[in-house]
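The data blocks that follow each hold one structure.
One chain, subunit A, links the two complexes that follow: it is found with subunit B in the first and with subunit C in the second.
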Partner chain A sequence: MSILDHVWLGVLAVFHGPALFSLFGLPIPVALVMVLLGVVAGIIVGATPGLGGPMAMAISLPILISIFGFRPEALLPVMGFLVGVMKGATLGGAVPAILFNTPGTPDAYMTTLDGWPLARNGQAGKALRVAHASSVMGDSFSDLVLILCAPFLAVMVERFLDLPEKAALLILSLTFIAAVMGGSIGKGLISMGLGLLIAAIGTGQDFYPRLTLGMPSLAEGFSVVTVVLGVLVLGEVFKSLEDGLRDARSGSRPDTRPRGPQALTRADFGRILPYVCRSAVIGTVIGALPGIGSTLAATLGYTLGRARHARRGGSPAFGEGAIEGVAATEAANSAVSGANLIPVLSLGIPGNAAAVFLILAADSIGGFNPGPWVFRVPTTGSNPEMVVAFGLFTMMLVANLLNWTLGGAVMRASGIMARIPRSLLLPSVVLVTLTSLYVQAPEMMTLVVTLIFGVLGYLMRRLGISPLPFIIAFILASPLERAIRQAFAATGGDVWFLVNRPVSAMFLLLGVWVIVASLRRKSPR
Partner chain B sequence: MTGSHRTLLLAAACAAFALATLLIWIPADVDSSVIQLVRRRASIGDAMAPAVAAVILLLGAVVLVFERQREATPGLPRESLVFLGLTVLIIALSFVLMRWTGPMLTVLAGLDYRPLRASAPWKYLGFGLGGFVLVAGLVALAERRFSWRGTLVAALVVLGLIAIYDLPFDDLLLPPNGDF
Partner chain C sequence: MQSFYKGAIAALLVAASTTFGSEGAQAQGWMPSGPITLKIAFAAGGGADTQARLIAAELESRYGWTIIPEQAAGRGGLSLLADIRDDPADGTVIGMTVTDSLGYSSRASEAPWTPADFTPIATTASFQMGLVASAGSGWASFPDLLDAARGGQVIRFGVMSAKLADQAYLLGEANDVAFNIVELNGGAAVMNGITAGDIDVGFVAGAQSRGVASGDLVNLASALSAPLTQTPDAPLLSEFGLPFDSDGYFVFIAPAGLPEEARTALAEAISAIASDPSNPAGEAIQRAFGEASTLSGAALTDFLTRQYDDAGALMDAASN
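Entry: the complex of A and B
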């Protein structure tokens, strides 16, 4: 079967998959319903300061697995929901940024710069419409790039990279992630080293499980879900709870009642379009590089948009309620989400927290192992993993369609979520997280271990160490060790196997260059 | 203590941990070496991965020393440590209540918990009390006071989770019932 046949099978898997119910005699596929629910849930959590897409994905994953089970048919509905959350949350993050000057997600901070002045001028409705249109346009562009690039890149990787090159590529990716995450390459490397070390505990090929300190409870190692939920979710909740204590807000809010027309006119659309296009490209390029988050994309999109606006003498200026400012930010941060899946699907390397949860879902359910082999065309029959990948692309496009059509209304309605106090929301998130974890791994010890990782995540954040290199290193540790073992064996025990071959040597040199460049870039002049 | 001093301290702690891992932990707690000979063929041993991790940790510490002038590490003030301690204490207390409330009450009633772990009301006792204490305690910590609103939210969250996980699924077990 050709790639095009797999594309068609992927589309059919979504639209002709198991039906949840019938509407006027028309079967409604469960995958589509899950995408819809995911988009709505994503917008709502994105609009809730303190939650965000990754946290919602973490909480919903065990519930979804409980509902759909560990069967290959569960892959599309579960991933459809997660993709919906990922896309919806990006859209929803703009809501509190515009309405309450409180970014729902970190990347929506730049949206407050023009969104809040617009709201104070009674133009909140228009600002939300601009954010909606820009976000969905950026996201759609990014998805198209993903769909065109990921299979091509995966085929190239499979065709031209052998075991040593793949091992070197993993090392380069980890180095890159450590270098670009957070403010310091040193802290990035520490985070990555800790992730690799924790992943080594209780694993290995010897009869004796390594680094267990003689404790039988460590012999099985740490499960990915325990580490991810502890460090990413509990660590963030602990920090947000404490930050909430410090944020003693007082005083009355300015009047943001609507004044004047709120609709997005054709002239408005013409004004924002150049900014959206430019930011969509910026967000997509940044999203395709593993480890660089949407916050940087939003900052770059906004900064370049502001320079263009100033050159043209646009009024109002950026920062004073320019709809172009909202458009430049929202298009850039939304364009990251699709492109972020390029390294996941073509290389098996998660580039951000949302991708981590997609890998976690695939890993928990089984039947889909993201990496270059996903797009391997079989000589006979079909490649089920490629069908799932194209099903995933189909669901991403459906999620975009839903964002286009329903997203705006859900966005405007979810403004109320920003009024829920963090002090009530975050403790509830802790119990929901722990319960959903226990349901997957029914042992109280799992909860204790998750709490310990939560403390680690909190301390890392407080010490200015980004936890994402830790998580990504933890996830990639096993594939990296396997690749190195296989490459070493395949080269007949050559200890120089990583530097003997030009491509792998080039990847390693690039890794060294990334570290040196990061050090030089940040050095004071 | 300034931010750069804290950075230096962090680098020193990481370097010490990395060296201890390389020189003490790995030799003492891993069976095979970095590269081993099995049937006269060289292969990578179990010590390779943790050794590489420790070297990266050490490298990070060294790089951090060079970065200390421009990378100020935020402090961990006493209030943060107290907050973290109280948070862990509340969650740990809730775990203890979750784990032991059901079994203790069944002992008092002259019953064995294991056969009752899937029967109402026994299966809800530990989760109900532990979950309630967890949420209500953390809300009180965040608001610096006990409030009826917090206790109501805690009760609703516990009931909601029972409704989501327990009522529709026979095969799912709420904490701590999987341990019995």
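Entry: the complex of A and C
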């Protein structure tokens, strides 16, 4: 079967998969319904300050698995919902930023700079439409790059990298993620090291459980879901509760009632298009590098857009309600999401929290193991993993289509979410998280461990340590250990296997350079 | 969502069948005192896990028992053994693992138990453990590989357990060649490694059958005490100075002291399902292994005892 046959099988897996119900005699496949639900849910959580895509994915994953079970047919519906949430949340993030000047995510902060002035001038509707159009365009561009690049990159990796090189590539990726995320390289490395350490507990190849301090409850190690939900969700909730206690929000809101035409005219479209294109490229390039994330993309997109706007003497200027400002930010941060899956699908290395949850879904359900082998064309028969990959791509495109068509309306309607007080929202998040975990593993120990990791996540945030290197290191620890053991064995016990081969030595040198470069970047301050 | 409805319907059916289905269970002469927990020693979603869950579903529908499958994966089945050992021996807790976990794995980890601390119930399928290489290697049989190794080619030898690593080591020693033995995570990983060219040869326990049929892979030798079903012409590794075989099965077990009545009822029920390809579980076993292999009673107990003793001999041989 050729790669094109696999593409077609992937499309069929989505559209001809198990049907949920029939509409006018037409079977409606469950995967499509899940993408739609995911997109709507994503926009709503994105529009809710204090929630976000990763948190929604974390909470919904155990619930989805308990609904769909561990059968291979569950893969596409579960991943469809997660992809929908990922894309919807990117779109929804602009809503509170524009309407209430409360950025739900760090990258949406850039959207407030022009979105909020527009809203104050009675142009909230137009700002939301600009955000919608730019976000969806950036996202679609990024997905196309992913679909075209990931298979080829994967085939190249598989052909040219041997076991020692694969081990060195994992080390480089972890170093890179530690260096670019979080406040400083030191904090990034602490976060990563902690992730590797926690992942080492109870695991390993020996028959004896490792690092358990004699405690039987540690012998099985920690389940990924417990650690991820604890650190990412509970940690965030604890931090938000503290923030909420501290800042007593008061004051009346300025009048943002619509004044003047809100529609996006052809001229408006012409104004934003160059900014959208440029930011889409920036977002895609940044997204393809694991770990950098959408905040840098948004900042870069906005800064470069501002420079261009100033050169051309555009009015109003950025920061005073320029639709170009909203467009530059939204296109850049949305373009990150598709490209972010390139390292996952071609190397098996998750680059951001959304990718972490896709890997987690694939891991829990089984039958799909993201990495270079996904795109291997078999000489006979089909490669079921490649079919799933193209099914995933199909669902991403469907999600984009839904974002284009329904997204705008759902986005404008979900402005109401920002009015829900935190005091109601955050406890509900904790309740849903703990319940969904308890359903999976009905033991009090699960909840205790999750709470402990929640406290860890809170402390990391308090100390300005990004929890993402921790999570990614926790997930990559076992592939890294395996790769190192295997490379060591395959080279006949050569202790220098990482440095005496040109490609792996180059990867290691690059890792050292990444650390040195980020130290130099920080040192002038 | 569909599975959700299926689950709900199944739950209703189970509730109904516990009322009406007791007749079938009575025919076995044994009825569990409550729901049966089935602990599975394999990661969720894999072939072995699916087999266990399909058997559980078929047991429910045939006998009206309620079976709750749960994962107890880790450390080559040792986690399951540690977990199940202290459970009640009344048939309400059973486990599914591989026979090796009661043999080499238990022995090598110096676990505080022997096979006598468990009640073996029945096996479902045997491993078709072959020594597999890619057709692109140009090797047709094990002697070709030995020639290549003696000619100076470094051979990366993939294994999926410490027991197989010992066997690979002894096999090299008996033939005056040294293999670079790489331990990988399960049969699928060994297959992936062979296809990707990361390793040259490896032990695979049945997953190779499709690739062998299509001509992409070659069974260089049988690691069993008998020829492989698919390629009976492949030589036995015992012909090359390896006195240990890799015979092994998927096995259902319970804690020691399971009443004979319960043991027989469970063994008969599981064996019947495994060897009947008209149900989903039996069909899956036939598809993956060609046929079911159902050992139970004294034959199974004897096999486990012999395997446990062999494991000790293998470890002694490999450490000398």
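FYI, the second predicted complex is superposed on the first by the 524 of 525 C-alpha atoms of A that agree within 3 Å, B and C clash if a C-alpha of one lies under 4 Å from a C-alpha of the other, contacts with A are read in each partner's own complex, and residues count from 1 in each chain.
The rule is short, and it goes like this: a residue touches a chain if its C-beta (ideal position, glycine included) is under 8 Å from a C-beta of that chain, and two chains touch if they have at least 3 such contacts.
The model shown is predicted, which means the values in this text are computed figures rather than measured ones.
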Review point. Subunit B versus subunit C on the shared subunit A, clash or fit?
Key: fit
Practice item. For A:485, select first, second, both or neither according to whether it touches subunit B, subunit C, the two together, or no partner. Key: both
Exercise for review: Check the residue A:197 against both partner chains and state whether it touches subunit B (first), subunit C (second), both, or neither.
Suggested key: first
Point to revise | Residue contacts on subunit A - larger count, subunit B or subunit C | key: B
Revision key, fill the gap. Rounded to the nearest 10, the angle in degrees at the CA centre of subunit A toward subunit B and subunit C equals 70
Point to revise | First, second, both or neither for A:207, with subunit B first and subunit C second | key: both
Review point. Which partner does A:163 reach: the first (subunit B), the second (subunit C), both, or neither?
Key: second
Practice item. Check whether A:507 is in contact with subunit B, with subunit C, with both or with neither, and answer first, second, both or neither. Key: neither
Check your understanding: Once the shared chain is lined up, is A:109 touching subunit B (first), subunit C (second), both, or neither of them?
Key -> neither
Exercise for review: Quick one: classify A:474 as touching subunit B (first), subunit C (second), both or neither.
Suggested key: neither
Point to revise | Smallest separation in angstrom, by C-alpha atoms, between subunit B and subunit C in the superposition | key: 5
Review point. Which subunit A residues come up in both lists, the one for subunit B and the one for subunit C?
Key: 205, 207-208, 485, 489, 493
**Study point:** Interfacial residue positions of subunit A with respect to subunit B in the complex
**Key:** 63, 66, 178, 183-197, 199-200, 203-208, 210-214, 238, 241-242, 244-245, 422-424, 426-428, 430-432, 434-436, 438-439, 442-444, 447-448, 451, 455, 458-459, 462-464, 477, 481, 484-485, 488-489, 493, 495, 515, 519, 522-524
Review point. In their complex, what parts of subunit C are in touch with subunit A?
Key: 1-4, 7, 43-46, 49-50, 53, 74-76, 78-79, 82, 105, 108-109, 111, 154, 156, 162, 178, 180-185, 192, 195-196, 198-199, 210, 214-216
Check your understanding: Across the complex, what residues on subunit A touch subunit C?
Key -> 18-20, 30, 33, 67-74, 77, 158, 162-163, 205, 207-209, 219-220, 364-367, 372-373, 376, 378-381, 482, 485-486, 489-493
Exercise for review: Would you pull the subunit B residues touching subunit A in the complex into a rising list?
Suggested key: 6, 10-11, 14, 18, 21, 25-26, 29-32, 35, 41-50, 52-67, 69-71, 73-74, 76, 80, 83-84, 87-88, 91-92, 95, 98-99, 127, 131, 134-139, 141-144, 149-150, 153-154, 157-158, 161, 164-165, 169, 172-179
